[in-house]
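Chain lettering (A, B, C, D, E and F) follows the sequence in which the chains are written, and residue indices restart at 1 in each chain.
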Amino acid sequence: MLSAKLFKLRGGVHPEGRKNLSAERHIRTLPLPQKLFVPLQQHIGAPASPVVNVGDKVLKGQLIAVAQGAVSSSIHAPTSGVIVALGDHVAPHPSGLPVPTITLQSDGAENWIACETIADPFALTPEDIAARVGAAGIVGLGGATFPSALKLNLSRSSGVQTLIMNGGECEPYLTCDDRIMRERAAEIVEGIRLIAYAVAAQEILVGIEDNKPEAIAAMQAASVDTPVKVVAMPSMYPMGSEKQIIQVLTGKEVPAGGRPADIGVLVHNVATAYAVQQAIRFGKPLLSRLVTLSGGAIKTPCNVEALIGTPVEELIAFADGYAQPAARMVLGGPMMGQQFTNTNVPVVKGTSGVLALTASEIGQAEPSPCIRCSTCIRACPVGLMPVEMVSRIRASDLAAAVDFGLKDCIACGSCSYVCPAHIPLVHYFNYAKGDLAAQERTKLKQEATKKLADARNERIARIERERAEAAARRKAAREAKAAKAAAEKAAEEVA
Amino acid sequence: MLLSAIVSLTLLGTILGLLLGLAARYLKVEGNPLVAELEQLLPGSQCGQCGFPGCIGAAQALAEGSVSVTLCPPGGRAVAQLLAAKLGIEADLSGVADNVPRIAEIKEEICIGCTRCFKVCPTDAIMGAAQQIHVVFREACTACGKCEEVCPTESVKLQPIPATLQSWYWNKPTGALA
Amino acid sequence: MNPIAHSPHAHAPVSIPKVMGTVLLALTPATLFGFWLFGWPAINLWAVSLIAAILGEAFVVRMQGRAVRPVLMDGSGILTAWLLALSLPPYAPWWIAVLGSLFAVVVGKQVFGGLGQNLFNPAMAARVMLLISFPLEMTSWVAPAQAPGWLDSLRITFMSQPLDGMASASLLGHVKTEFTRGVGLDQALSGYYAPQHMLMGSRAGSLGETAAVLLLIGGLFLIARRIITWHAPVAMLLGVAVPALLFNAIDANHYAGPLVHLLSGGLMLGAFFIITDPVTSPNTAKGQFIFGLGCGLLTWIIRTWGGYPEGVAFAVMLMNAATPLIDQFVKPRIYGRDRKGAALSVEKR
Amino acid sequence: MNEKYARITKDGLWDNNVVFAQMLALCPTLAVTSSATNGLGMGLASTAVLLLSNIIISSVRQFISAEVRIPVYIVLIATLVTLVDMSLNAWVHELYKVLGLFIALIVVNCAILGRAEAFASKNSVFDAALDGLMMGIGFTLSLVVIGGVREILGSGTLFANAHLLLGSSFAFLETTIVPDYKGFLLMILPPGGFMVVGMLLAAKRVLDQRRAAREVVAVPEAVAS
Amino acid sequence: MSEYLLLLLGTALVNNVVLVKFLGLCPFMGVSKKMDGALGMSMATTFVLTLATAATWMLEHWLLMPLGIQYLRILAFILTIAAVVQFTEMVIRKTSPGLYQVLGIYLPLITTNCAVLGIALLNVQEKNSFMHSLLYGFGSALGFSLVMLLFTGLRVRLALAQVPPAFSGAPIGFVVAGLLALSFMGFAGLA
Amino acid sequence: MKLEELRGKLVYQGILLGGVALLTSAALSFASRATEADIKAAEAADLKQSLTQVLPGEYDNDLLKDTVTLHEPGGDVLAYRARRAGKVEAVVYRVTGYGYAGAIMCVMGVSREGKILGVRVISHKETPGLGDKIETAKSNWVHAFEGKWLGEPTADKWAVKKDGGIFDQFAGATITPRGVVKAVRGGLELFDKERATLLDETGAKP
């Protein structure tokens, strides 16, 4: 089963793994925090809309905010307690902006709502499974946090040949997927089969990087006598990225601007499969996730199961605090994760890791001039030319950068990682993407306001015209009247 | 020899003159389609901040090349860039303050409902009736500032739009790369 | 003014000074061999080149009001001067080295804005400039291993003493001269050319270009350290060897064979250390291959039919000029798109 | 009025200099400036044509119709150039041999047509004459400077062979700056020509910037006092 | 045949119009900021230069020479060139609006491109035969196009470089042209 | 009609350009008349000056008019003859050598006895600083030919020193002098061969 044919990944880099810091430690559960900060937006799409008010008592697992619109996801109370605030709290986002958040004071009782357990989930219809996944507020736990139900529905309707389960976990430091595969393989495999059933996939591949032999073994053992095939992939960043894992496992490429469903593939993270299994089998909504606590500045790196909304400082305290002052705190992995400065930010559905890194681990230096060494080009898994894009962006020629493929960049950071000149390439790309989006918004707005202005001008012109016409009519009438009068007068005189 | 020289060259000249005259007559380009295209790019709020009586005037001046592409404050940098691209010139955009997006806001406490702002707004972004508090539609306001000028109680003010998770994006890196 | 750093939060342990340092290291064996072969004058020349480049670069950077230290510390100026020195006749007078180094770092590099901004290879631009301006000094070669003493060397380098009795012609120059007299290749080569000497490098020529084997080893070291890739060097060697082979087969008395070409002149130095200059070469592997092929072909053409006995420097500059065009037309295929950049068609199942 | 003439003069000599600001007439500029003398000769010949063409075109400007404007200008200029060509050939034959082809090319010297279009066809005869003269002098000075730099660096002399152009009484101009100079061939060859022009352009820019900076500084001071 | 090829190579590379003969520098400097423009200019110049060398050769040999009025050469040539340009423009506009879009605005500029007149005059000076003249014109045009495209590529990249303010724009353009001319000296002695 | 209206007319444009052409060509024709003689004179003087450089001594005929054309395999050679009292005392003609960078054009003057009176290089493309020492402005090298003839030095010594002859080469540039020596020697051989024609001893009167 391990001998499945692999295709070549282009580009890619070999960052130092540093997974051993946390890989051998069992998943532990975090003690219940006092206060939980649950942001309304933890997923791609529209924020959820709260259905509770300040002062409401809620049970663990109770719906506290519902999905809004087509692309959105519901949010549930991570524990039982009282809603103490519906306000702003610092976002787990580099901007550090305050975002709408539900603050929950836990009562320590962990009183669950009633959960519906299902004995034979394969008796459910595929539609039902997707609906239950949606109701459980499950979003992709691989990082993109796209609402999973939607992905299932879209894939089912367009037809799926291959289901790929992403156990790549190519980011350095992170071991939460590794641990969950080692410890909860049976549940994951059932989740995988449920997903496959929900989208009627014919082939199921679990791709795991070969630096996780125990996870591979555990998953293999759990998938004996199932259609699930476990495939070991070479360790390389960004093997776990959706487009790249598809390329490596199937040899196919997702067309630019398209989705994997276009080529009959669905990709899900292994932790998502676990959440799906829990939701379908036990009716449990997504309330917690595994988080890797690691980095050279953390005293006891480990993996914890943390409730959504837990402030990060509690996690750090749980890991015995700092071994040395951290040069940088990061949410997620070092390659794509985001720096944060306020340790009060909450764990959200997409938080895969909390890293406290030392300066030597980061290894960043002042940027020096680009020597066009083209290392970045060789590293890019997408086949882009970062050096060319960045020079266009620096010269404020974003259109040219787009011609070079800016929009195809997956922001994996491979190029920045290898650049000997330490140029913040991805930073430039994300700036440019943001600026383009902002320009797009301005343009839309301008078009809209232009229509408004035109309408107003037209209206004013019409009013003027009507007024003038009315005046002319009145004048004509007056004149006609006068003429008539004159005529009558004349007639009278004649008479 | 003298004669032949003069005759032949005169002939050459005459023929060429006729040719050019013909060419000019039959191959004339009508009007300047550029103006219309440029006008399309301008915000169209006819606010006059550029010093022309409305966007069409600005478009004409641009087509003649008598003004810089940075003339339109409401359009800001984005429009300047579009204009420069259309005209095929390299514009020095450093002068254009990438103006912080702003929007009109009405302080309800001091609005007396005089409807002046309502009447001048070129995009119908202000709603209200006489003696009532007026409101601004965020989507329609172009921050042209006309209402600010006419308000007798200074209750309309252009305020920067606060950044949100949706509008925030990374700044441009400023490392010494020279 | 965002105090927040963008991802990635990990970086490969690489830097520009490390890259340049590795290249210098790779050049060292061939340089030392040149010192041994040509003696003290070669060492003087090398030192003068480096000093002139460092001082000149410091001065112009200072004049622009930029920080001098980081510019000098990146090592590129030193590398440029080093490569220039290696491509000069070993007994050239000091002012050749000074003028060349200054031209390289000022006109070749700093007027463009410094490291990474220049369009032409600074060392080669300087070499070509020197060659056309001072053809006499730039084509006065010496026979190897007559290494003069230190005092004599000072006289040679700093007082432009004529090198009586030591003068020799380089192989390519000699062949060119003999052709003008109507002497055939066999006769011209006899006594002048022995492959094993050429390989080891005991021949007349520029300071650092003679030891083909040591240059090859240095080049392989760079490839192993992933500073350069094989594409450009291999393509350049092919670009010279293939036409040489063809024409040699047609008329052996007029066209030298591939081995003569590969082992003579600055080809080895050029192929591994000069056309691989990242700044002035195309940035895709395919582009680099085309670039190398062009360099090789032009070198061969200039050597064979042109007025100059050696063409490496010209070929490099000509291809430098074509680099932006190559970069414009040779791009990698983007994931999910075809070669032309259109999205792949959606084929289901 | 005086201001206007000052403006025209300043434009011609510096601000709108044919070579250094308008970047026109580059071919003769680069081709003949391997020595200061050649530059001077070419400059004087061009100045003559420029002056005459500006005068003639300005005085017939009412009669010219837009459609045949350019050909008429070109014919006029061509005639003037041919006249200059003949005169040089007849009376300053040595110089003619040096400037050769480039005399004929004064016709297409874009600068002359440019002045005809941009100035002479819109201004009075006197203004046009002044403009032509100043542009011509500006052009000549540029050529002499470029030629001078190239000659000094390239051969170590200045105004070599000036007697051929100006007569033997001007032989005193001929100076050897560096005796026994080895010669820096680059400067005399085409590449050096380009580079010298580039360097001089940069120098002019630095001077202009300095001047602008001084003016900015000067204004507040004036206000303060 | 090989003689003609050699002639073509010689005029295009060894005695390049722009870099060695110093003709056509204004468009070389002026229209080399964008690739489209350079391409258009190159094509237009190639077309006109080839046609104009043919036309001026005929003029010289069939009109000026028989009548002994060579002193009208400059005048007659420049008129003819203007006519050729005008004619080209009209024909292109009529037959291929697409091409006209590309070349249109560059055609009038060519009248004052001194390369056209220069090559015509050089042909007369060197007493070239008709075929020779034609190849000379075409080869020169090829040389012009080649360096034009190379130079444009370089300038496009230059626009992205961080050139010191004193040098940005035209000055560095000249330095690059100088280095390009330096490279082309390598062709000396070929052909 | 007003000028403004006229300007728009097609005929006007034709006439305008034609008229301008008329005027200018007329002007040029007259100018040509005026300068023709001077130009001819200047060119003649030019030629004469270059010829007399290699013809030391006094002659009493008009060099430029007294020419003879030799039909050689390598192309026609135009020779000018200098006479004293009707007798051809010396001849001048061009020879072409091939140097490092192409053709080197020389004129040489040969006396009645077959001795070289002088050699000058009129045009060459040799490298400045290396090969250009063949110009009198740069070195005296060409004067070495003066007084030499085919017997002095002997045939095998008519070469540069490097090739065993008596003429100097330049440091680092042997090809150029080699080319010139070969050309001059060829010129002397030509004189030998065509002596009768050149010296006007075939009977034709001047």
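Throughout what follows, a contact is a pair of C-beta atoms (placed from the backbone, for glycine too) under 8 Å apart; a residue touches a chain by one contact, two chains touch by 3 or more.
Predicted model only: the values in this text are computed from it and were never measured.
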Starting at subunit A, find the fewest moves between touching chains needed to arrive at subunit D. 2
Max Cα-centre separation from subunit A goes to chain F
Could you quickly compare A-B and A-E and let me know which has more C-beta contacts? A-B
Using Cα averages as centroids, what's the distance between subunit B and subunit F in whole Å? 69
Report the inter-chain centroid distance for subunit E and subunit F in whole angstrom, where each centroid is the mean of the CA atoms. 32
Distance from the CA centroid of subunit B to that of subunit D, rounded to the nearest Å? 41
Separation of mean Cα positions, subunit C and subunit B [Å, integer]: 53
Of all residues in subunit A, the ones touching two or more other chains: 94-95, 368-370, 394, 424, 427, 430
Residue numbers in subunit D touching two or more further chains are 66-68, 71, 75, 78-79, 82, 86, 182, 185, 189, 191, 195, 202
The positions of subunit F in contact with two or more other chains are 13, 16-17, 20-21, 24-25, 28-29, 31-32, 100-101, 129
For a test of understanding, state which residues of subunit E touch subunit F in their complex under the given definition. 69, 71-72, 75, 79, 188-189
Per the contact definition, I'd like the list of subunit B residues that touch subunit A in the complex. 43-46, 75-76, 78-79, 81, 85, 93, 101, 122-125, 139-142, 163-165, 167-173, 175-178
What residues of subunit B sit close enough to touch subunit F in their complex? 1-2, 5-6, 9-18, 20-22, 25
What does subunit E use to touch subunit D in their complex? 19-26, 28-30, 71-72, 74-75, 78-79, 82, 108, 111-114, 116-118, 121-122, 125, 165-167, 170-175, 177-179, 181-182, 185
Which positions of subunit A touch subunit C when the two form their complex? 10, 13, 15-16, 94-96, 158-159, 161, 172, 243, 247, 253-258, 262-264, 328, 330, 334-339, 341, 355, 357, 361-365, 368-375, 377-378, 381-385, 387-388, 404-405, 408, 411, 413, 416-422, 424, 426-427, 430
